[in-house]
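Shown below is the structure under consideration.
Per-chain numbering from 1; labels A, B and C assigned in written order.
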Amino acid sequence: MDMVLVAEPKQVVAPGEVLAEGDHLLGDNAYRIGTKIFSACVGILEVDGNRVFVVPLKGGYFPRVGDLVAGRIVDIGLSGWLVDIRAPYEAMLPASETPGPRGPRRRDLSTSYEVGDMVLAEILAFDRTRDPLLTVKGPGLGKVASGRVVEISAAKIPRLIGRKGSMISMLKKETDCQITVGQNGVVMVWGKSPESERVAVEAIYMVEREAHTRGLTDRIREMISRSRVVEQVAGTQTA
Amino acid sequence: MNKLPEPKQPEKLIDDKGLRIDGRRLDELRPIKLEVGLLDKADGSAYIEQGKNKILVAVYGPREAHPKHIAMPERAVIRCRYHMAPFSVDERKNPAPSRREMELSKVIRESLEPVVLTDLYPRTTIDLFIEVLQSDGGSRCAGITAASLALADAGIPMKEMVAACAVGKIEGKLALDLSDAEDKYGEADIPVALVPNAGLVTLLQMDGHLTLSEFEQGFTMALEACKTLHAMQREVLKKKYATIKEAAEEREEAEVVA
Amino acid sequence: MSATPQLPPVAKLEQKTVIDLVAKGKRIDERGPESYRPIQIQVGLIEKANGSAQVHLGKSKVLAGIKVQIGTPFPDTPDEGVLTVNAELVPLASPSFEAGPPSEAAIELSRVVDRGIRESKALDMKSLVLQKGKTVQVVYVDIYVLDHDGNLIDAASMAALAALVNSKVSKMEVKGDEVINKGGHHQLPLNNYPVAVTFAKVDRTIIVDPSLEEEQVMNARLTVTIDKNGDICAMQKGGLYGFTPDEVRKAVHMAVGKAAENRARIMAAAKG
């Protein structure tokens, strides 16, 4: 049967808008009634071969097993901690999923993490019947002792990382900061100075705001170098 | 006592030129302004002005259900609160929820339930807060139109948006989108919400007096108006995101030229 | 805040049985899609009330009582009496009813029955005035649901109307600052007789007078209240899905005949 695209790819579509007619494969946020395919959210229409899907412009984080997330400890329970990962479900980090001694010496959980602490963790398990389960056993995971916490829309994380990591690599290099991107929209930033951290934070918000525009990478690089000029000038003036 | 004088009953609701008190024809909608994404903390938000109605809607969710016992294992629970600000009407309204607000909260929630893909978020709640800042007739319909936008703005997957409009009877004639005075001194009011692609009526109420044939005409008129509103909703959403795209592209062009 | 109600406590197997039967044009109690369950109406059971009626609609049981008292009019209608309709879903009527402030279901029920009576101008509001702007008669219609087996709206609407038809009031007069009861009993004057007819959509079939099991599987419901002239005075859609415009039109047409049938039953029972 004929496959016809009704909406324009790379353009914004609204819920209920007709995307296509025909035997296309349905990707994320596309559904079918009869021969017509409709969008289920506000987003950008993408077509990949004969697969039609919509990339949402907004939306919270929906947990996926294997994702790296940055979360905040909100409660200490008997056998673990409750972690806010900015998702519709609160996550659980069991003590058994943290490195360290086992047994009776490990009585007081608050010696490991306190309420308010930030942790980098991986989603170990999640399905429709239970809340996400986290682990911090792994390289680079665990309590975050310093740095800035930046919260952006999880939908913009792919743009922040960029094709083959191009955007995030550029950001790290240009701002001279260490940046860890949580799939849940929480980004950790460590810089050598508060000033360089501020520039990195500003750049991350800029990606969130202008994610679906052309030439973003260059504009951000521009913004960062302008900020550094200001910084240097300010530096020489106070010196 | 601090009581403003009651606004007087208008002499005529339709003048000899066939125009209503606010100058509209019988089949004309009031001027409508729609905005999305205006609140910072809410996951999604929308604002509607329809005639003198000013209604703000915020969506929070999907989020963890609190208390846990209201959660459903296979889908999200939708919670809806329709509330009128005390200063929204002529005679100050007591802020405590009235029976009318409770009924409207229910019928508004029921008008939106069919479109939200609640199966994707079991054990959560999707909370809708409809605040009527100023009320002038047809606020439940305007609330539904804005609530659909707020849900879409929150990125909550939905089959399509729901649009709503009321038709009434004033001085024996069917009129679209009644204002408060027209509803008060008129003979009937039919609020309708339509899900256009699916062709489903998800809100339908009526009070007053109508023959079957008057109902048939009025009902059809309301359904057409819903389709007009639906097109406006879609335009507002697309425009909002298109402008961000355009602004950045304009800046880029300016820099190239410079 | 209104929240999606919890699922009814029914096994999926049972739900499927009900849906399949309805699709075939038979219902679990073997009625056709356009038939009401057996209706029994009794009036005058509560002597202390001005009027009362009990309706059995299938196994649903609703009792309505009318009290006419003296009160003050609303400021914006000084030349009219007052009508108040209140429904209570008391806990003894169903395992799902809890004690406490009225639920949204109780409020919706009250307001739909109220709309039928008010919008059809069943009560002559001006005849309830004793002293314009000061003293009027207040008609309280209190609906008590005693047993919930579905379609409480229609049962309540019939009970309220039968109770109003059954109501007697004594002659009241204002002398100086007092209201004097001059005795005598006359029927509460009524100008119209509104009757609610409720439809349920089960999958794609429209049925009239849903029983509780049918309500538990229905997509949506539509109540159409018809007055003595066959005109519409109230409508209310409920439920989590919706009706197509044609389904609405079909239901409205069917409502006229059904309302007339039930009105005849009410009048026969109330006058007898």
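Points worth noting:
Criterion: a contact is a pair of C-beta atoms (placed from the backbone, for glycine too) under 8 Å apart; a residue touches a chain by one contact, two chains touch by 3 or more.
These numbers come from a predicted model, not from an experiment.
Placing every chain at the mean of its C-alpha atoms, the farthest one from chain A is found to be C.
The leading chain pair by number of C-beta pairs in contact is B-C. A simple rule picks the central chain: find each chain's mean C-alpha point, then take the one closest to the mean of all protein C-alpha atoms, which gives B.
Centre-to-centre separation of chain A and chain C, using mean CA positions: 54 Å.
Centre-to-centre separation between chain A and chain B, using Cα means, comes to 33 Å.
The mean-CA centres of chain B and chain C are about 28 angstrom from one another, to the nearest whole unit. Annotation for chain B: residues 198 touch two or more other chains.
For chain B in complex with chain A, the touching residues are 43-44, 61-64, 73-74, 115, 117, 121-124, 152-161, 196-198, 230, 233-234, 237-238, 241-242, 244-245, 248-249, 251-252, 255. If you check the complex, the residues on chain A that touch chain B are 11-17, 29, 31, 33, 38, 40-42, 56-60, 88-90, 128-129, 155, 209-210, 212-216, 219, 222.
Every residue of chain B that touches chain C in the complex is listed here, in rising order: 6, 70, 72, 75, 77-81, 99-100, 102-103, 105-110, 113-114, 118, 125, 127, 190, 195, 198-212, 215-216, 219-220, 223. Partner chain B is touched in their complex by these residues of chain C: 1-4, 6-7, 75-76, 102, 104, 107-108, 110-111, 115, 118-120, 220, 222, 227, 230-245, 248-249, 252-253, 256.
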